[in-house]
Amino acid sequence: MPNLNDTQIIRRGLLGRIPARLELIGVIAAALVVIVVLPSLNAFAPEGSAFHVSDFTINLYGKYLCYAVLAISVDLLWGYTGLLSLGQCLFFSIGGYALGMYLMLMIGKLGQYHSDLPDFMVFLGYPKLPAHWVPFHSFWFAAAAVIWVPGAVALIFGYLAFRSRIRGVYFSILTQALTYAASLMFFRNDFTFGGNNGLTDFKFIVGHDVRQPATQRGLYICTGLLLLGTYALCKWLTQSKFGKLQRAVRDSENRVLFSGYATANFKLFVFVVSAIIAALAGALYVPQVGIINPSEMTPDKSLEAVVWVAVGGRGTLIGPIIGAVFVNALKSWATRAYPDLWLIILGAMFIVVVLFLPGGIVSIPRRVMARWRRPEQPLPPLPTPPVEASADPAKTSPASSAS
Amino acid sequence: MRTSYRLLLASGALAVASLFAANRAHAEDKVVKIGILHSLSGTMAISETSLRDVLLYAFDEINAKGGVMGYKIEPVIVDGASNWPLFAEKAKQLLEQDKVAVTFGCWTSVSRKSVLPVFEKDNGLLFYPVQYEGEELSKNIFYTAEAVNQQATPAVDYLLQQGKKKFYLIGTDYVYPQTTNLILYKYLLLKGVPVENIGGGLRMDGGKVVSAGKYVPFSHTDFQQIVADIKQFAASGDACVINTINGDSNVPFFKEIVAAGLTPADCPVVSFSLAEDELRSMPTKDLVGELGCWTYFMSIKSPENKAFLASWKDWLGTESYPGVVKEKRAVDSPMVLSYDGVYLWKAAVEKAGSFDVDKVRAALEAGVDFTGPGGKVTMQPNHHVTKTVYIGETRANGQFKILKEFPDVYGEPFQLKALDEKLAALGK
Amino acid sequence: MALLAGLGGLAHLSAAEGNDATARRLLAQAVVSTGPAQQKLLAQLGDSGSPAVRDLLAAWTRDEILIYEAPDGSHVPVVLEEQQDAAGKARAVRIDNSQYLADAQHHELRFASGDLNAGDSDMRLRGAIQQALDSLTLADPDPDARRSAAVKLGNSQKKQYIPILQARRGREPDAAVRKAIDESLALLQLGDADAAVQVAAITRLAELQALGSVDALRRAVAASPDPRVKEAGRRAVQSIEQHISTVNFFGTIFRGISLGSILLVVALGLAITFGLMGIINMAHGEMIAVGAYTSYVVQNVFGSGFGFHITLPFSFGGQLLAFGFTLPGLNATGWWYESYFLFALPLSFLMAALAGLAVERSVIQFLYRRPLESLLATWGVSLVMQQLFRMVFGANNVQVNSPSWLLGHFSLDDVSFGYNRVFVIAFAIVIVLGTWLLLTKTPLGLLIRAVMQNRDMASCMGVRTQRVNMMTFAFGSGLAGLAGAFLSQIGNVGPSLGQNYIIDSFMVVVVGGVGSIVGTVCSAFGIGAADQVLQQVLGSPVMGKIIVLATIILFLQWKPGGLFSTRSRSLD
Amino acid sequence: MKPELILTVEDVNKNFDGFKAITNLNFYLEQGELRVIIGPNGAGKSTFFDLLTGRTKPDTGKIEFGRRIDLTAMNEYEINRLGVGRKFQTPSVYVDHTVYENLLLSLKGPRGVFSTLFRRTTAAHRQRIDALLELIRLGPKRDWRAGQLAHGEKQWLEIGMLLAQEPQVLLVDEPAAGMTDEETHRTGELLISLAGQHSLIVIEHDMTFVKQIAEGRKVTVLHQGSILCEGRFEEVQANPEVREVYLGRGHKDR
């Protein structure tokens, strides 16, 4: 087999070499540990024993798992379809807000003012609950909203963007503008979503006290299941003919278009699916961290999610998970140990990954193996021209192609 | 060639690793852990790092005098990184892992809102030192901060006394300015100021005013339009501006005010978010004569303040905490209220004879007091603090010249409802 | 400042010696007295007409009159001279007799500014001082000062000013000031008990289109039982409101142009690096911040110097790692200090260009064919740079003082034009012209365009593309630095300065059409104007901004390539 | 009997920012015809393909498929589904996919999002792919990733992908670029064999290759966006005007 270059390593990743059955076993084992073992140790191992997993840890891991789901949704767009969206956190937040609204209403009269209205509405003098809040008394309505609201936003925005063939960096810039506009909107107090303070001080979720360790454990298990489900769904998506087409669009959109596929529809489909995945992650994130506010949807947050994917390894499904957990664990540690240097660490990590390790963490074993097998063959010092620069004649400007 | 490059990389990595491995040891036997929960990175680091510094100073001061009931204070510093969910996570960490006796922290309302459920669930104790909108009372939080009636309404009283008749309300669009301006709107009506003399605009919902004043987004930079509006508003004289703009945006706002030729003599601006620490980064010569209102000013001439400032300066000269800036430091109200909070807590612990949260809370609610740099502060049963309010005007050196004092103002977090009732009684 | 007032006092001595000497004694008395006595002395001062006293009164409001406590316990008001000695101390000039303050042995005493307490003044006292000053200012040689004094007297609603104003009206040579005096007189007469006088005053105000009189007119209409007053008042209000909307219209246009210029200035660098080179430089904002910080450093070097000190949280052999350096200050004053900005401009360009060069060499040169990845890597660069700013300059914003020639404004028919705004418009024109000339009329420009159009081809033709890339990127970054220098004059300078402008910059370039300087210019002004108009119409800056963003997204539906697309096809 | 026209291009104009890429172009392609288009650089050949495939819309004029269907109102994938396939100047294949997958994605069949998700690959599909692999002689490299192929092989693969679509009209842009002489010859044979069943337009610079496939057929010479002359290859070759603008400047100007 001929040499693999870096881009090929990116595309294949670690798992490209691992037999499907082995991968399946690995995933099941990891899922068991995350979804069954850890919560059991939290619930049953006595406090103080070496096996006890604290409520804090469960809660923290729950957060990381939400980030992992978000990272997969970024990767589905970026790694597989070549669409670098800087707006994934918008969908994440919309999902969070949708469930947050339900949680807000479930506080009932337990708030500061013992009113049926959320506190911030009481003191700002809202006479009654705004109409668009009313249906969120129902959990199922909220749960549905977690899916259809971000889905609809993604559908509309995606339709507009893909219809006019906005791609590459323009797509990134536009999604950034969308996110920015939305965050400005949500920051407004008048927008009836609590402005900068957002939604917080939740008490109950479907009848359970959201602050109880048992509830948190339940939410953690749900997140684990969501991650597993997302993984399975994306595995299926990316391995079907659809997935092949996704990568085809990434590598040579014109060829796909001139093969009779309406690429815009494919991109739109991925965009909507990934928005919904992100929103589900957001919906589970909110009851676990206890707050949702507009700073979650700023462009910077979306870029941070892209960092996770890049660090973990894009174009793979396991990479984003590893990246999200690794970077966030690092963040939890570094903001405590070296608060002044955290941004430098994050920024430098990003530069290094982009320049020297385009395949991310998951490509490391492969690179090491490649070196070990052919020591005389040096690794390419710098990545070769990658994905979006692939020779695509129809991308050249008409002026120069009018030959 | 390649090898030497790798060698370089490897040795660099080793060096970095060895740096990280270095640690600072604490060898106290009887210690009590206290949490410091502020943003040391991100956008809010600008304001919050100073609070960490003054807390460390207070701890050192107390430790030097024998600690709290013989226990030395061990600070546990965590960084909220201007990220609100992270604040909640860090609060959990402090309470559940480090098991701190008390936490001093938060600046923004949203950070407080985000940690509030955590403190309630784990029955922790949080001291909150920064002026805020009120409308909140948690059994686990003590607000040494200025409530609206300890800052905004006294300022308005002062301006009314000075013969001002027109009030322009402007702020950043978030809960503190919105609530404060809504309170002020009602307060002004109550004081007989006609609606048309309250500038900035009103927003109604269901026949009730739900928002008063002009609002800009965070980090807004273009104030041309608004200042032109203010200028027209102030053209008829006797006008003033109530400014609740937050942070960065103040610089372009005041530069525009100066450029438009609005002088404090014509139309003073009273700001609630600009204290000495913020003024250090403002072009103060353009702000001379503009007003501020806080419960502490660095220029207070009491012996307590003089001693505090001198000792703070000494401490800055000798401390060795990483990240503490030593030069050109100012002290302001949030810092002093943090400092006061530490001593109020200490007094309560000593009174209760225990670090137990419930006992300390009971002692605090029963009322402890401390005479700090800003004068005497007394904890009230409603978790707020009675203290002296000062009106000052900015000087070119970034200090305030004190114009008026309102001694012993009782902190009242729930203003809106009370005002509504009073207005209703007057039939307005 | 202090010395200005002091010297001013001395210079005027010969002119009106007798009058001034009395006035100075009165003033000295006023400073140390309190209550009604003080008010009375001030009223007398207002009538004295002494120009020397005016500067001193102004100094008083700035707390520059200091009190020397003599050994005998008496309080002597003084001002400090500007000239400082090596120890930073200056001689003190007595207010009462304009002599230097000396001790019993006739040795001149010297003080640093913090040595003495300021003569007390509060808002009410300053009000009184102001009135005295206003009376004095009505005779000021500067027409602007006379005009603002007249307006103030009119707003005071105190009838005692009517004779003062009328007297001045007769002698006033300047039309604008006469108009202001007329307006003030009419305003004061509006409070007259006689309905006929009121109607005359109302008519006069309507004729004068007096903006500030609307409230007073409304009050008069409401208060007066006379139907003639009511009718005249109603009409006057209508006519003035008409005028206000005209003023707002032209004001909005000017503000739109000025905002457009700012957008243009910040986006032009990006139009080079993104538009021409295809690099998505997310660190563009930080390049702007480099320029702004350079202005800050230059300002401090012209002042007392600049230094920084960083301690890293690592120890090496038990010693915390630390480094830093200090630049000595020039301690410049007056116009020399104020000119710092002129030096800051080229230096900002240079520093940002160097920073750009460093970023290009270390990161971007590997990413020319990978625009998406250049976006990501430069975002990493931007994070690192922001944190470096925090470490060097502190997390706080830094204090940048605008030179006085950038403060203030002039008015044309009630539309005010800020000097800084006029400056930015001129500045934008100059740098756009400069950029255009560089790109089209110089050999470097030719090379740049060649490389940008076809990197491979240019390389084959023997162009050193690497160097051209470097230069182009440095140039684009330098332009960002210039923008930063200017922004330091209208906004805050802090580590996240650039973040406020990055999205706007990208929007401007994308809407204008990538690679088209003309497009960037048009879109900057278009967005600026749209923003201001929407703000005016909606009354809410946030909604204005949101609608502009939404419009941009929709606009790109219609013209995906932007206004001046160099490609007629969809965006790749 | 006059053969049916498959493509009708009449009075088409196209400007790019003032640059006249196509001027008053009239072009007719008969069913089953193989037409070669030659012309110097900048003559508008690729733009012509862009116009035919919907990538670019003409400013004026009409473009019809089979005398009935207006192509100017359709976009790329709709035109492709009608049966117009295009091969690009530089090979455009999915570098990350195997040769097999490249062909699989190109096979004629439903093109919707959901059909790609739920349709299974049948034995018939596989047979068809195997046949194509045989034709383009990439059978042994079936599981190679397309990015690993040599330039000429990528050209072949792209032709294979085009054939997998079973188009009525094939637009082929410089198929022989980067091929060895032997490969070039084989390509010529393939194209000739396709004529009749399919209609083809071939843009080519390599005169040996043009000669091979255009001998006895109609050739169109494009110059500055319009047709300089049209006729049998031999006539065109002899045309002095053509020699001047094109051949006179040397054969392989690329």
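Per-chain residue numbering starts at 1, and chain names A, B, C and D are given in the order in which the chains are listed.
Operating definition for what follows: a contact is a pair of C-beta atoms (placed from the backbone, for glycine too) under 8 Å apart; a residue touches a chain by one contact, two chains touch by 3 or more.
No experiment lies behind these values; they were computed from the predicted model shown.
**Student:** Check every other chain and keep only those touching both subunit C and subunit D; list them.
**Tutor:** Intersection of subunit C and subunit D contact lists gives A.
**Student:** Pick the pair with more C-beta contacts: B-C or A-D?
**Tutor:** B-C
**Student:** Centre-to-centre on C-alpha atoms, which chain is most distant from subunit C?
**Tutor:** Farthest by centroid: D.
**Student:** Taking the mean of the C-alpha atoms as each chain's centre, how many Å separate subunit B from subunit C?
**Tutor:** Chain centroid spacing, subunit B to subunit C, equals 28 Å.
**Student:** When the centre of a chain is set as the mean of its C-alpha atoms, what distance in Å lies between subunit A and subunit C?
**Tutor:** So the centre of subunit A lies 43 Å away from the centre of subunit C.
**Student:** On a C-alpha centroid basis, what's the spacing between subunit A and subunit B, in Å?
**Tutor:** So the centre of subunit A lies 35 Å away from the centre of subunit B.
**Student:** If I count partner chains per residue in subunit A, which residues reach a count of at least 2?
**Tutor:** Within subunit A, residues 184, 187-188, 338, 340, 342-343, 398-399 contact more than one other chain.
**Student:** In subunit D, what residues contact two or more other chains?
**Tutor:** Residues 16-17, 55-56.
**Student:** Residues of subunit B that contact two or more other chains, please.
**Tutor:** Each of 20, 41, 173, 215, 217, 322-323 in subunit B touches at least two other chains.
**Student:** Write out the stretch or stretches of subunit C touching subunit B in their complex.
**Tutor:** On the subunit C side, the touching residues are 1, 61-63, 122-124, 126-127, 130, 148, 152, 155-157, 211-216, 244, 248, 251-252, 255, 258-259, 262, 309, 311-316, 320-321, 387, 390, 394-402, 407-409, 416, 418-421, 489-492, 494, 496, 499-500, 531-532, 535-536, 539-542, 545.
**Student:** Which part of subunit D faces subunit A closely enough to touch in the complex?
**Tutor:** Within the complex, subunit D touches subunit A at residues 16-17, 19, 21, 41-47, 50, 53, 55-56, 76-77, 80-81, 85-86, 88-97, 101, 104-106, 111-113, 116-117, 119, 121, 145, 147-148, 161, 165, 173, 225.
**Student:** For the complex, which residues does subunit B have touching subunit C?
**Tutor:** It is residues 19-20, 22, 41, 43, 45-46, 49, 162, 166, 173, 196, 201, 214-217, 219-222, 224-226, 228, 231-232, 235-238, 248-252, 255-256, 258-261, 265-266, 268, 277, 280-286, 288-289, 320, 322-323, 325, 327, 393, 395-396, 401, 403 of subunit B that touch subunit C.
**Student:** In the complex, go through subunit A and note every residue touching subunit B.
**Tutor:** Residues 54-56, 59-60, 63, 112, 119-120, 123-128, 184, 187-190, 194-198, 200-202, 211, 285, 289-291, 293, 295-296, 332, 335-340, 342-343, 378.
**Student:** Name, in rising order, each residue of subunit C that touches subunit A in their complex.
**Tutor:** It is residues 280, 312-313, 363, 366-367, 369-373, 375-377, 379-384, 386-388, 390-391, 454, 503, 506-507, 510, 542-543, 545-546, 549-550, 552-554, 556-557, 560, 566-572 of subunit C that touch subunit A.
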